[in-house]
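As structure tokens, here come the structures.
Here subunit A shows up in two complexes: once beside subunit B, once beside subunit C.
Coming up: the complex of A and B.
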């Protein structure tokens, strides 16, 4: 028996094609979800009487595109779109609530906080506002308020956006197991219609597993992210880091190269250089490091900066310590989160400002975060200040949390700890 | 690589781009020109500061920080071929190689005097004397952010009957990007053309601003009805309505919309012309309402839902409805058939009292007929939905609504007509001297056909939602 009704797959395909026909020509073939969103929104503002709603949709689409592509140029576009929406209607609520999101993208954290507060006053029960508030507070280092906002957000709308924030804050407060549990919830909550969102949640889960030293679980999460959203640069970088930690350097190089081919972010390029160095290819390593510096030079020429990433790179690789310090201080002027404090501490240490380094390292650990890198930095600074017992404790903690926390720094942490233990042993023998 | 709220927006540094499109973009451009027996492609790659540095660093063999003439020549000797290998061209279904003919390299200064890189390659491919369909696809730098633009035009004595890309570019071959930030970079890396001989009468609009350009690629004439920017005259309205009705009718003749089910039902149910017309009306009403609802719902939820995701679920619903109808028909008809067999006399008496009834022997009667009509119209035709969405986005909602009614009416007209054909076919069938038992179980068999068809719809739809394995 043949029913014409049974030829449904063809029909569904036709439906898809017809719907895709709404997009500008040619956008179909390899259009990403964000590309489709941009196209739909552009259509809405392309008509005879573009509305604020249309521009808000366009701003959101640009924000998504920025995240998906790693191209920060889209933040400027999002900013322009939301400005146009507010020009048409200065009290347009949907536009008001998107403003802080855009400001966060542009790294204007104080502006983001003020804008989020404005939107919250208008709609105190909109979960969205607590997301932007959480982010702004966290970036400014006001963690109690960030926790409060995140809790409100989870209460109002449990789901991917609120879970990722809750997981992030839990990890900051030293509860890695809790963070992993919530990060898993976030993955579960991700909509199958939003592959990039799901991939992002998986990358976040991978980072949490890696921080806990669980390479197998981390690799699995990153691999799943790549299944959901192929060639996702954050997942490629994450998996590259795991492979490097496992000593599978060829694979790590391949993964990092693919990530950098999509988005040449300084931290990814630097990590690729570190793997080359570990593999004994000093020439290729130097090429990558030179590229990182060049990225910094371009950023400088544009008048903005990759701040934290570059400062860390310079400090980690003992290049231009004064430049590292300048960038770290610049970053700390507009940002108060613990990782900015950590970067400042590390840059101060590398340029010999030990007292300032110790104060910043203390601030970086104020929440009791169980992060190997933070403890490694604190340990190195304490050792330089002659506080051997404290230094050894931090270094032991760092290596206990994750013996593979960094391809370049973990061996240094081990060596520093061994030196401290030898010295302690010698001192004890001396006393006897 | 540290965990961070990064995720939500903060992963990226705040960089106001030096290159108008961001300093790590690789921007690609292809201008196709169809000439007599030849296709020419002007292919341009514009690399912003960072990729330019990477490229130059890879070329700079002697590490003196500059491109020497021999390094430059080596690059120009190698790069065009590498780029050409990832430019796929098919003409009338056959792959054709694009050969590089000429190339040039420039290093225009970008932010802070840092170089960018502009590589231009001119390629050609032979065409048959009368080429028909042509497809071009650029696979270079896949996944890399940037401007991706393809344009196409026809030379002397030729015309593009159809083109998926505009004729005129927006970036002057990547020399002048629009300053307006709201004009987002095109993400087009392929073109589909249909070539005819004759004077050039470009169908593709000069600017790609028209959001509906892409629709024409699918031969969807419906959207053209609402996408015209001219004021609506009475003549245009009437023609549009007529065309919409015709398209609906054509659509009903295509696969789907349960013609088999309608036929099976009417045969089994001993339907009359009245039933067939009623069915047509219900289908029209359901289809119209369905398109309206889904259209507005999609429009409202467009930020959250991908419309094509909804289709399988509506199919599931529609299929389940059909299964339900089929099952209840099987039951009631089986009972009727068995009853007829067991109590012939009783039935005869009853029949006699009713006079000459042709009403279906089902308990459900009109109600199940109504449900069947609903299931036939429940799945909105995608092209109707496209019209609806286009009408909304163009601010011509009223006109769109009317067009949908016309479309649905055309659809229902054909379904009703098919129903009538089945009705008359059956009465002709009934006059044949067939075995009594066969005639008695025919309604049951047709009800089974309905149930099975419903199950198939559900299974197909579920496979598309991804719930049931790979599907077809």
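Coming up: the complex of A and C.
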């Protein structure tokens, strides 16, 4: 049915040849929509008098390519393009509204907020500006303002962009069922002509189902995403996590390997390592873990970082606790969202800074988010501090929300809870 | 950015993806930017399901006591659209709105809500065998709809579970498409007929040339940037759309619920627009209720053709789409001083003058305001389709002006050529609205309107056009009139039109 099924291997080969200079870029025979968009925009700015409009189109195309490929290198190219647009015309509105979008990609969240505010002042009725504002506020941890911006966005233009943000905020505020309801609306509102957008919405619907412990619904959403957009790395990773949770480890390995072959992101490589470990293949697991470290070191060498992903990896796998802490603190300097607080909490805990860990874990749960990982971390920290009843409550909550929340950590949560319950029992018996 | 000769991955992360994982260990990798470990929700989004393409309203030639309204959605639908064939959105509120007292506010609304049933959840296929009836189990995702009439706040459900035909996949999947489409024509109480489903897009226009600096291929040599003249090319040819077609007895639409006594009866003229809305909700639920559907936000509207494309400035399109026609006074300046007139003068002004014509007026275009926002009165106290002073973008149809021709056979220049049953009195499928609007903007109104109203009739301004003078697919003589959709298996785009344009008497 779908020619796109057979597309990827050929594309990868073509990209390889193009990189080696053996094939002109235009010869990427079966280019993706983003590739075509980039090519069209490059043509527009390649003439004698390139326009701001042309550079904005190019920036947009690179942003789309970044999403589609999972390759953050394109954010830099988007930034260069939009800078050229503003050089030609400093007041160019379409360029002004694209700037915060690019800053978000580059993880300059404060810069994104300032740029989004500038664009909003120019066009206060443009829903787009409330999208970039929502994202910037959410990453900076200013959730009340994020909610306000998202509300304005959905009032101005209900549709895929506003629904995805509304769903996310509902989930953060502890309303998983409400999040799922809007995530479904987002899927329906995604254009069939934008496979990546539709697949993105499906993957995030899958994530919501997974967080609620509904593996069947999650798997169905990921499978639909793969049907819409074959070999989508986020969907492969999501489905891999479900299969691992179900104990179907060979399938999980295959899915993660395919995901990593497309986008070698540290979190995917680490997850692959975890499945190998669960399957009893310690050698392969260690190879993946070493690869994560290698990617991290290379990134560090050029002054950039995978920050949160790596910090979590180090903390989760009890490797380099001080490095985990350093990365988590670096990350926390630039953003204030609950998942950064959570990462900081976990890294502090693993390096024995329990008081700081408890404060960060408290911040991570400040919205009442029903997320098993957040509760597991809070539970482990409370247990280390000797707050057994609080610890047991968090661990029970984590396992109640999603008993499969993490292949490596869920068994530890169960063991920790069992130990706490045994101790409580023993203490009661002791009193008697 | 000219130096960007190659589009493959600019950073080593992308290169690793291309090379495969193993190569990562061999390559001295240097990523050039931070990774995306934030949740990057979509910002760019198209919304074709909630995008009006064209709206038509005419007195039905084969049932002249009724009005037919066609509301089209989903632009440029590729017939070979598998595996994700186009469909109406289940979460979109589609509406046909009728103003019958001239205030720009809808007095009657026909609402259409669709629902898709997936017969086999394990399959992602549109169909698993030939579809030979609307209940055929081979059709895996049939869609039905509900029709609700709202009149001044009073809702009545006219029909539920109305069937629609599948899309026209090809000779194996949909072997007798006409029969499937005919089976989806549904009678509702009170003599109303409805149809919803895929159709050939009845619009015809040289999109490729008109939106390349207002190029008109037959007049390519007269353009500021001249090219060799040639026949127009139908940019919409071979593409489909999704149509909602409703035929309603006239006395159910007029303000006094009576057949008008004649064209000058104040109740004779109705204003029509089509819209699409999506649901808003509270981002945070305070009381645990779902709160979906508490309010609809209009995201698209359409009445007169090409207004959004040619009149409304780029930065105002979203705002225009969500605003109510009753408040269109605020857009009147763009009609009165149309950018298009300035563009025509810049691109064709010298040639028009050299050939004995004149530049178009670029300001004080009250003629355009009249035609497009209030309707046109006739001399001697008679009426074509005026609804008074309120400026609103509506298709204004005088329901007491009898049809002049069977569907598809009216004069393509409509009122310009004295065919009062055509555009801008309503809009018929065959009306060449592109040429009519171009000539109106360029002050080439023709002798009839020059004589009646003193409107300018410069020549050759009155001959311009895009060279696409008729639709590529024949219309049906009977309801729903809009042509059979192009099939996915075999269809032809960009059919060549004519080097001549419709003749103005």
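In the analysis below, the second predicted complex is superposed on the first by the 403 of 432 C-alpha atoms of A that agree within 3 Å, B and C clash if a C-alpha of one lies under 4 Å from a C-alpha of the other, contacts with A are read in each partner's own complex, and residues count from 1 in each chain.
We adopt the following convention: contacts are C-beta pairs under 8 Å (C-beta built on N, C-alpha and C of every residue); 3 or more make two chains touch, one makes a residue touch a chain.
Given the structure is predicted, the values throughout are model-derived calculations rather than measurements.
When the shared chain is aligned, subunit B comes close enough to touch A:373, but subunit C does not.
Of the two partner chains placed by superposition, only subunit B is touched by A:238; subunit C is not. Residue contacts after overlaying the shared chain place A:76 against subunit B and subunit C alike. By the touch criterion defined above, A:271 reaches subunit B but does not reach subunit C. In the superposition on chain A, contact of A:185 is made with subunit C only, not with subunit B. After overlaying the two complexes on the shared chain, residue contacts for A:298 are found with subunit B and with subunit C alike. In the superposition on chain A, A:90 contacts neither subunit B nor subunit C. In the superposition on chain A, contact is made by A:166 with subunit C only, not with subunit B. In the superposed pair of complexes, A:147 makes contact with subunit C only, with no contact to subunit B. Taken together, the two structures place residues 1, 12, 15-16, 18-19, 24-25, 28, 31, 35, 38-39, 42, 45-46, 55, 58, 60, 63, 65-67, 69-77, 80-81, 84, 101, 104-107, 131, 135, 139, 161, 164-165, 168, 192-193, 200, 204, 261-265, 267, 291, 294-295, 298-299, 301-302, 304-307, 309 of subunit A in contact with subunit B in one case and with subunit C in the other. Those residues of subunit B whose C-beta lies close enough to touch subunit A in the complex are 1-5, 7-18, 21-25, 49-51, 53-54, 57, 111-114, 137, 142-145, 150, 164-166, 181-182, 184, 186-191, 204, 208-218, 220, 223, 255-261, 302-303, 305-309, 311-312, 315, 322, 382-383, 385-386, 389-390, 393-395, 449, 452-453, 456-457, 460-461, 463-464, 466, 471-472.
Taken in their complex, subunit A has these residues touching subunit B: 1, 3-12, 14-31, 33, 35-40, 42-49, 55, 57-58, 60, 62-63, 65-67, 69-77, 79-81, 84, 101-102, 104-108, 131, 134-135, 138-139, 161, 164-165, 168, 171, 192-193, 200, 203-204, 207-208, 211, 231, 234, 237-238, 241, 261-265, 267-268, 271, 287, 290-291, 294-295, 297-307, 309, 339, 371, 373. Touching subunit A in their complex are the following residues of subunit C: 1-2, 4-21, 24-25, 29-50, 81-87, 89-91, 121, 124-125, 278-285, 290, 292, 297, 299, 315, 318-319, 322. Every residue of subunit A that touches subunit C in the complex is listed here, in rising order: 1-2, 12, 15-16, 18-19, 24-25, 28, 31, 35, 38-39, 42, 45-46, 50, 55, 58, 60, 63-67, 69-77, 80-81, 84, 93, 101, 104-107, 123, 125-128, 131-132, 135, 139, 147, 150-151, 154-161, 164-166, 168-170, 173, 175, 178, 181-182, 185, 188-195, 197, 200-201, 204, 220, 224, 227-228, 257, 260-267, 291, 294-295, 298-299, 301-302, 304-309, 335.
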